[in-house]
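Shared chain: subunit A. Partners: subunit B in the first complex, subunit C in the second.
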Partner chain A sequence: MYAFSREQNVVELGGVLFGGQPGQNPTVLFGTLFYGKQWASLGKGSLENAKSLVEAQDAVGDELGIPGIVDIYVKDEGMLKKEIDLVADSTEKPFSIDISASELRIKALQYLDEAGLLGRVIYNSINLGITEDEVLALKEHAPAAAILLAYNPKDTSVDGRIEILQTGAGMIALGEKNMGLMELSERVGVKNLIIDTGATPFGQQSAETLRAIPVMKNEFGLPVGCAIHNTLESWVWMKKNPGRGEIYGYCDSAVNALVPLMSGDFIVYGPIDSHEIVFPSIAFVDKLMAEGAADYFGAEIGENHPYKKLE
Partner chain B sequence: MEHRLYPWGGKFDKGSAESSVAVVTLSDEISLPKDKVALFGAMKTENLGVEKVIANIVSNPIIRFVIVCGKEVRGHRSGDSIVNIYKNGVDENNRVVGAKSAIPYIENLPVDAVDRFRRQVELVDLVDVTDESRILMEIDKCLKQGKKPFGEPLYVEPLAKGTRKESVHTEIGLHAGIDLDLYGYVRSPECV
Partner chain C sequence: MIPCNVIGSYPPVLDKSKYADAYLSGGMRDPSGEMIRNAVNSQLEAGIDIISDGQTRADFISLFARNFKGVLMQRRPVVVSEIEYKNPVTVEDQEFVRKIIPKETMLKGIITGPYTLAKYSENRFYNGTEELAYAYAEGLNNEARALDGVVDFIQVDEPEYSIDYPEYAGGLLDTVFKGVSKIRMLHSCGDVSHVFEDMVELNVDVLEHEFAANPELLNTVKRIDFKQKLGYGCLRSDKDRVEPVDEVKTIVRRALDVYPPGKILLNPDCGLRNLPPRVAFQKLRNMVEARNSL
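What follows is the complex of A and B.
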């Protein structure tokens, strides 16, 4: 086991702790809701199903001592309010909004402000596609926390990913000034920052996704994680495998467990439907890492951590 | 077609080796007649997806038409990216000129391959068209033109990614920026 000599900032949001030394706090798991064709329309049945998934993730998280966050994927403005309202009413925990299009992210911020929910929101994500209008919206409607996506299409090495955070690699500017995502986020006033190393597919330095975790924790002292399931999704052999469903689940469980082993603090683990297979494997690794931290470094582990909570 | 650099990857269906038409179906899975179409499949991303499509097409000079159809990929706007790279190419920063998507950067393909793609094929913009009969009609229109192959194949070697890989080649462990000391502490090398 290992620890960082650099102080590790812990972000606290609605009772959920992100970050710290390896083994100190449980890994936070983000399960994405409303992604995929089954959510093309949101009738009564779909909403009931969504609510039951949110509650099921909370239940397994409470049982194992692993905090689960709902990552609300919004693809359509017409569904924005319905999706956010459902999640906000179904759980007391913070939640993240995961939106690809900048203009829709702006609309989401406006609504979250109107609804008085910004204090529960993790903005997923501030990335190099940010626009001037989005910067203004973030200043006006600052979310409680934001994920910075360290994806650098020009250089997917660990250093390239760090460059996006520190300098923007010449691709991010505010007015005339080039800057990295870190400075940009500080300027817009988002106080709690979390770093996503930006998972890349096989063939695109995918292993750097994981190697970046300890390097970034050492560099910035902030919570770091990733969405490694995207790399698994890119695996052509798996896509072509006729028994994909069952085998995919085993792999998914194992792949996500690599993140805490590399000192990751959070995982965006993919569709929330996978909570049953992902939470137990993470609880195992968290228990193992905490035992190492306690035995070797004398770390004090909280009562609600899987290390103490689970036999 | 057997070659070390073909295919570049991606999930797509292969059809007729003699066909001059490839179809990008964006976010949709559309089944097309394999006797009429050389390649068809979805394309989800505005950067890596576009690169794969271009690399796979320039390595097959028989393909002279690319039909881009299916529902646009929300957020990524990969349809917008491929239409714009065809119309405008890339700028000095490798960004697709005129693309509205978030990260339309072409980093793994040499500019030669992009230029060749723009010269080799005629792109038919049917973004957001999902009506199969309309798509089939366009395929037939392309085939009727009977275009000849575009010279020799261009097999594209992916450009080297990343600039600093010293940790792989030297005694440095995980990264030049961190050490794991004898006591299990991860630290920067200058912190002793």
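What follows is the complex of A and C.
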């Protein structure tokens, strides 16, 4: 079990706490919504299904004392407003926007500002694909928090992942000046920063995804987590296994539980549909970690934590 | 004409937006092929005669250390049990390079030297540095033999020699090169003036050293007879400043005042990995232009 001598900054957003010493606060779970072919068109049925998934995640989170965040995946500009509106109306919690293309991230920021929702938004993510236009958009429409994605395709070691945060590894510049994601985010004025270690598949130093968590917490004192589910998703054996459905669920539950064990503060755990299998395993680990932190370090644990909330 | 050579490493260059998009869309890609291709194309475009794969995959220590059984790759390699060579480390990359370069282009394989690996390692198993270095050398011999059928030159990098030259250096190199038929190179950067007299006794064909950062080294080297060719470092690899062609020519002329053109190869002082890509390219380009105009 880890404890850090460096002070750990806790980010508070809409009543959800990210970070702190291991065991202190529950792990925050991001469930991704609208990822995959089934969301290709958003008819009435799909929207009702999406709403029920958001509510179900909130319900299981409230029951177990594990905060759930909806991670809104947007692929198509035509869906942008509809997706954001649905989530914003279905939950009172903060939510994240998860968008691959920089141009679409800019449009999302503009809309979120227009809709008065920036104060609830976790921007997922500021990453090596950031453009000058996106920097300007972030300055103009600053989200409440942002995830910095420490994926460095040049070097997937822990050092390489830290390099993208600190120096940009020669791939990130503002004007003529090279800089890391950390400095860039501070310059655009995003106040609350959260670090995603950038999960990599087997063969690309996948274990460094988890090893980076305590190293980065110690280095930066910020909340750190990852989407280790992506490593599972890319596992060739699993893809080829004919009985994948059921087995996959067991693995997903176990794989996500590795993150709090490694002192992680949040997990992007995969499709929100998996909330039923992921939340209980995380509640178990969180309760275990909190008991350790309380017994060993005398940590004071909040009433709503699974440690106190669950028998 | 004097061949233009590189020491090996080159700045890794990627189309970052392609990798960011792929990553965020759930299709993580292995960037190694693109980084190697970019390094190779830059060297070819600069006019280099003896190119490398660019060593873009990782730094020169972890690249080899993590491929040995018995070595844990932590902040530095930690040797915890008997060292055993697992799989070829660079052969697949060199085969890839061979496929994408013109037939007449010469290719260099690069191996991090056993003494340097031993000195960078935390040794928890062997009785002293010498025993550990020989264990690495035996393992690296597998890599050298595997490269022998793919490349035209095999270079061993021993930067540690300029700091701490072991009396068993010859034995280590003979172990690494055992059974190898290709041209043998030894690169050692830093100031080797105090050990150059010993190094000329080594069983290698080319000695590559830094003369741009250490111009005084030539005064030592020229007083000593040696059978090997001299890899003459004529570009700083530790400075972002691009040396103008005339400056490179001046540096090269110093060597040509002492040696016939057939005795030397031109190269940067060391690997260029830590330079901005455009700087690395322009330095190589100026070296070739300087050579062409001499």
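Of note:
FYI, the second predicted complex is superposed on the first by the 311 of 311 C-alpha atoms of A that agree within 3 Å, B and C clash if a C-alpha of one lies under 4 Å from a C-alpha of the other, contacts with A are read in each partner's own complex, and residues count from 1 in each chain.
Here is the rule we go by: a residue touches a chain if its C-beta (ideal position, glycine included) is under 8 Å from a C-beta of that chain, and two chains touch if they have at least 3 such contacts.
Given the structure is predicted, the values throughout are model-derived calculations rather than measurements.
In the model built by aligning both structures on subunit A, subunit B clashes with subunit C.
Judged by the touch definition given at the top, the superposed model places A:215 against subunit B, while subunit C stays out of reach. Put simply, more of the residues of subunit A are touched by B, taking subunit B and subunit C as the two choices.
In the superposition on chain A, contact is made by A:157 with both subunit B and subunit C. Contact with neither subunit B nor subunit C is seen for A:148 once the two complexes are overlaid on the shared chain.
Contact with neither subunit B nor subunit C is seen for A:289 once the two complexes are overlaid on the shared chain. Of the two partner chains, subunit B is the only one touched by A:6; subunit C is not.
Of the two partner chains placed by the overlay, only subunit B lies in contact with A:76; subunit C stays clear of it. Contacts of A:230 after superposition on the shared chain: subunit C is touched, whereas subunit B is not.
Contacts of subunit A with subunit B, set against its contacts with subunit C after fitting on chain A, overlap at residues 99-102, 127-129, 151, 153-155, 157, 170-171, 201, 203-204.
On the subunit A side of its complex with subunit B, the touching residues are 1-6, 75-76, 99-102, 127-129, 151, 153-160, 170-171, 201, 203-205, 208, 211, 214-215, 217-219, 236, 239-240, 263, 296-297. Within the complex formed with subunit C, the residues of subunit A that make contact are 35, 98-102, 125, 127-129, 149, 151, 153-155, 157, 170-172, 198, 200-201, 203-204, 230, 233-234.
Within the complex, the subunit C residues that touch subunit A are 11-12, 14, 16-17, 19-21, 23-26, 28-31, 35, 56, 58, 62, 276-277.
Subunit B contributes residues 9-11, 47-48, 74-77, 93-94, 101-103, 105, 107-108, 158, 161-165, 174-175, 177-178, 180, 184-188, 191 to its touches with subunit A in the complex.
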